[in-house]
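Before anything else, here's the structure in question.
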Amino acid sequence: MNQDIIADIKKDHVEKLLDAGKRVDGRGFDEYRNISVEVGINERAEGSALVTLGRTKVMVGVKLSVGMPFPDMPDSGVLTTNAELIPLASPSFERGPPDEDTVELARVVDRAIRESGCIELEKLCIEEGELVWIVFIDLHPLDYDGNLFDACTLGAIAALKNTYMPKLEDGKVDYKTRTEEKLPVRDTPVEVTYCKIGRHIVLDPCLEEEEVLDARLTVGYNEKGEIVAMQKGGSGTFTKEEIVDIVRKGREKAEFLRQHIPG
Amino acid sequence: MNQDIIADIKKDHVEKLLDAGKRVDGRGFDEYRNISVEVGINERAEGSALVTLGRTKVMVGVKLSVGMPFPDMPDSGVLTTNAELIPLASPSFERGPPDEDTVELARVVDRAIRESGCIELEKLCIEEGELVWIVFIDLHPLDYDGNLFDACTLGAIAALKNTYMPKLEDGKVDYKTRTEEKLPVRDTPVEVTYCKIGRHIVLDPCLEEEEVLDARLTVGYNEKGEIVAMQKGGSGTFTKEEIVDIVRKGREKAEFLRQHIPG
Amino acid sequence: MNQDIIADIKKDHVEKLLDAGKRVDGRGFDEYRNISVEVGINERAEGSALVTLGRTKVMVGVKLSVGMPFPDMPDSGVLTTNAELIPLASPSFERGPPDEDTVELARVVDRAIRESGCIELEKLCIEEGELVWIVFIDLHPLDYDGNLFDACTLGAIAALKNTYMPKLEDGKVDYKTRTEEKLPVRDTPVEVTYCKIGRHIVLDPCLEEEEVLDARLTVGYNEKGEIVAMQKGGSGTFTKEEIVDIVRKGREKAEFLRQHIPG
Amino acid sequence: MKAGEPEEFIVDGRRLDGRRVDELRPLKIEAGVLKRADGSAYVEWGGNKVLAACYGPKEIHPRHEANPKRAVLRTYYSMAPFSVYERKRPGPDRRSMEISKVTRQALESVVFTHLYPMTAIDVFIEILQAQAGTRCAGITAASVALADAGIPMRDLVPACAAGKVGGHIVLDLFDIEDNYGEADLPVAIVPRTGEVCLMQMDGNLTQEEFEQAFELAIKGCMQVYEKQKEALKKVYEKRSEE
Amino acid sequence: MKAGEPEEFIVDGRRLDGRRVDELRPLKIEAGVLKRADGSAYVEWGGNKVLAACYGPKEIHPRHEANPKRAVLRTYYSMAPFSVYERKRPGPDRRSMEISKVTRQALESVVFTHLYPMTAIDVFIEILQAQAGTRCAGITAASVALADAGIPMRDLVPACAAGKVGGHIVLDLFDIEDNYGEADLPVAIVPRTGEVCLMQMDGNLTQEEFEQAFELAIKGCMQVYEKQKEALKKVYEKRSEE
Amino acid sequence: MKAGEPEEFIVDGRRLDGRRVDELRPLKIEAGVLKRADGSAYVEWGGNKVLAACYGPKEIHPRHEANPKRAVLRTYYSMAPFSVYERKRPGPDRRSMEISKVTRQALESVVFTHLYPMTAIDVFIEILQAQAGTRCAGITAASVALADAGIPMRDLVPACAAGKVGGHIVLDLFDIEDNYGEADLPVAIVPRTGEVCLMQMDGNLTQEEFEQAFELAIKGCMQVYEKQKEALKKVYEKRSEE
């Protein structure tokens, strides 16, 4: 019961600050926390990135393997996005099979990557109908202080752009030999998340804000600024105008995020 | 604890009514509830049926797929019967992997279908030892008011008799094109369930009766009236004579059930 | 809470006896309980053994099957060791997927078998890169009174030495026809377990001792007396000298165990 | 082009199933269709056939999941094995887990959960036959089932998707449009206030296209809302007659 | 005809394993074979080797499964991986779940569970080697294990199957008869009253054949009953000597 | 000879990665690297990259797992999917279950668990990049994380393996040596007393080789211990500056 009372007090506190034009960590309403993106930080992964977003830290690894294509896409590589919310990263993450938050994270990141068509999957066919490259993106938060959607999408595209193809011999992957060839990536989708607390809309919620938010809206954009993915969260609602406004102003935030990707 | 006291009171009530020659819903001891069977009610399934037995409602879908035969039956199709007791249908059904009641239901229905040989599995071989048709029967209760055995077996055979073969191209199934050809079915097995409450034997228990029964006997018959499956349930017992008697009089009830199958 | 107090009392009791030079069951510190090993006791298994070690009883079955080799060992058979701690054998064993004790048992027994190279896996290749024999060792304790490591390793090697190859026809196993040919086994590894209770080191802990031990050391030896496997257990520690000493004196106990293997 | 993709999605102002761009598929809603459930609804929406049932407010197991300030709303979206062309293995998959979550959040925005602390309200959505748009059909059915169970709510929650196919913004995609189209945008609203309580999108839309599709989806929701109200009216009338 | 099916099942009045039609396979029952279990029994029945163990009455976990009016009887039938020709993967499958259920119901009809409210009585049946008829062997062993554990019961529960092979009604099918025969009818009874507490059947029988097989199975049960009583007598004698 | 096996492991006194037989791979330890955890450590040891986090003492769920006499120490060793060449499927496998157990037992020998009855102390070890020796790196990181969380312990627990490759006894095997070598002997100690709290071995060693390798592993542990202490000193200094 105490948990709920504490939650009420917290929400009250965060909201009052916002009423006074302030956020819990002193940022502007439309401001991201400090962002850093390092790539190529894992020698076992074909591609990798470590994203720091304020105190949130996420590692993303890209592994390549080979296998059968889907029957309805015989000449196309396969993309698989997976997340693990390991309890090392937060007391609220639990061991066991993926829960709905884990699944949602993986699927919303996957949506921006997939729908933007950023990976040239049609170039990942080895033998039509028989053998294609399978791209595994593993989202691996290490320290959780809110807004995994934006951090993980940023890490995923940064890692993909840094992915080298391993050597292929007789239909088998030689992981120990990396070729010069990079994974063909033609777009740079990112996701931008706003949340609504009371009557305020703020960018990039930190954990303290996430815990009290009414509603959340994540929008993914490709390089052209087109919308490729959306996901509303939270038990609260947005007005139509709020949504249209978020989608508009998120576009320039996407451009801002994109600048943090190395290379 | 209250649950158990209520159960005792309920049992007492049902039994006293029976002593007075009455059933909780006013039926005769040897009488089925209202039965209706509709077939072809699902456009995604190759065969389907919706059975209403009093207030019990069951949907059965038959799907066809192709795969390897069993090693010891290389020229025979494969039959798989599956049940799901979805919590939508009853507050007593729980989510999660199949429990023993679910498994028993699937296996007892399967028994009548399989042992009657009603599906001509030997005609479902596509390439000996390599490729055969797999028949999936999915038992899907929607509203649970007792006697799923009889309702599901009736639905299964009705759906099977209404099953059209999908088109096969290059060893793959084109589900969107249904052929004129029907699944070869040569018999019409049904199951008949009696239960024992105190010293009384009654046909087709409704839920209120099932909840207080001592013992249950389900008997499956083929068209010739031969016995093809039996399953006793409940923690109580039958006398030898009761069993022989049930098996005898069930035969005409089977004939009665069979008349409700369309087509 | 009582459980813990009882545990303390038990430990006190066992330790005081040891201080007086006595074990709970009257054995010498360096003495095994009665050992018997019967082989060929299961007609469905290609090899089998029943080991009795005091009141501990373990059945081990060896089954052979065929399958793909590992990619990095294309001309070698495959060894798989599995344990089941069925609740029939002890009130402390629970149903469900293998817990860490079950997994440790299987892996420590596997270690001695595998690292000693006792099975000539290179002779179990049927067609390089395509088809090899798979050796399943199933450890199946039936009555648990301590020291499953030694009993199961003894049972495993006894069963392996008693394993007959089944007939192979067209790449399929005919289990009903057993050939005269035996599984090629060239060494006889066994494991010897000591435990530390207070300041005492004793051989072959019975359950009462296992329940109160501070630390456990299991050492596997091949026929030459070389060490092929080790596993320390328990939340307590050993001194360096204790470990070296156990490893030395375990060697002759291994020779003693080996004499109990029939044939 | 994917195998099976049509050359044109709209010919002479008509879509492949004969509808206009802003036209819903035929929609039929019936409330109170199940005996055991506390509330239920059946929705037939084009080729979708969906059942929803509501149980509760009721005791919650395990107890530590209870909330002292409000009822816990639990939603389970599930597809029958025979609801799709290729038989679906029973049990939850990742897609159904996500849909269950967004459905729950959409419904939480209208249910007065604070009236029933320490209890659970369970909503089960069963897709019996699927033809694209099952999440919208499910939410639509679920809120009718909740109302049928007498759970106090500030409004019903109609849901409807819009999307883009062959360059056109259209309402309520059916399966061919969903498989080969450019974007799908499911939306659920609280009609009395116009609030948006569910919103997802995948595909590719410019800002302008998005705004157009969003507007269209909301209009679709309002049509669905009328059908929901009719269904409830009908079942209340029927019950008061009994 | 399935691969491996014999041409004839009965030649000169003898079955393929030399038995007459109404003859049991050799049956050996031993009680009190395990040290840890509260009660146990070992049954060797033709090529079947079966262990049963009973633990209880004992505290029940999780607590909410306890029944204030009687002990909860739990039965688990399980096959060792090496008990069959093709290695069985560990863990329960659908067949063993069904057998566990009917076994429990058969035993519930004789155990005085009301004497031990709020407790559990666990019975584990482990098939070490199988040659058809393992469920009957398991029930037979289980009721001896219960008795060995001192659990009050109104009678033992012997079980035995009859069936039809090659047109003949025979007792106690072994594996070849079970695989290629026409029907199998396992039965368990409460010998003192003649009540039937387990009854299953699959195959094909006319009414007349059924009645004949049923009668035969009951006679088989009575023979099994004698062996059960002998085994218990032996273990009591042995214990009183100790 | 397995595919990929090197002809020689030691040439001119140098191993394939340039080290001498008694030389550790480069080792870097950093404490206090995570914000959410109560204590944490990062270890880079040759090609191994390992994170450890400690949460607790804290309330324990489910309650019946609590111990009235001491804290329950729980350790979870886990490998990231991208930590190895061939992607590892998420979730515990048999190897990680065994490592979790021996890690817990090693740490239990130093943690004063009796100070926190009825609580849990959770230690999570995440292998981000593996190059053989991850269990030693994990234990090494874990005990630093426990210390960083302020959990009272009688000492840190450094771990290090020795082994045999190409006939030579060497310290701290890297992946090629681990894959193709003759023996691996991971050891963890309580440095102040010299007690051994983890010890495993697989391969083939004579008594003499074993004693030599054991001695070498303990020396390796002492070097690791120095790095652990440095890391903790550094983080305390940093924190007192803040």
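Order of writing sets the chain letters: A, B, C, D, E and F. Residues in each chain are counted from 1.
Keep in mind that, in the parts below, contacts are C-beta pairs under 8 Å (C-beta built on N, C-alpha and C of every residue); 3 or more make two chains touch, one makes a residue touch a chain.
As the structure is a prediction and not an experimental result, all values here were calculated from the model.
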Self-check item: Shortest chain-hopping distance from chain C out to chain D
Solution: 3
Quiz item: Any chains in contact with both chain B and chain E?
Solution: none
Quiz item: Farthest chain from chain C, comparing Cα centres?
Solution: D
Quiz item: Which chain's mean C-alpha position is the greatest distance from chain E's?
Solution: A
Quiz item: When the contact pairs of A-F are compared by residue number, which of C-F, B-E or B-D has over half in common?
Solution: B-D
Practice problem: Just give me the whole-number Å value for how far the CA centre of chain C lies from that of chain E. | Solution: 31
Quiz item: Roughly how far is chain D from chain F, going centre to centre by Cα mean, in whole Å?
Solution: 51
Practice problem: List the centre-to-centre spacing of chain B and chain C in whole Å, with centres computed as mean CA coordinates. | Solution: 48
Quiz prompt | Going round from chain B, first to chain D: chain order | solution = B, D, A, F, C, E
Quiz prompt | Touching residues (chain side chain A, partner chain D) in the complex | solution = 1, 4, 72-73, 98, 100-101, 103-104, 106-107, 111, 114-116, 217, 222, 225-240, 243-244, 247-248, 251
Quiz prompt | chain A partner contacts - residues on chain D that touch it in the complex | solution = 2-4, 67-69, 94-95, 97-98, 100-102, 105, 108-109, 185, 190, 193-207, 210-211, 214, 218
Practice problem: Within their complex, state which residues of chain B touch chain D. | Solution: 42-45, 48, 55, 57, 59, 61-63, 65, 82, 84, 86-91, 95, 97, 136, 138, 140, 142-145, 175-176
Quiz item: Which of the residues in chain F come into contact with chain A in the complex?
Solution: 34-37, 47, 49, 51-53, 55, 58, 76, 78, 80-87, 90-91, 122, 124-126, 128-130
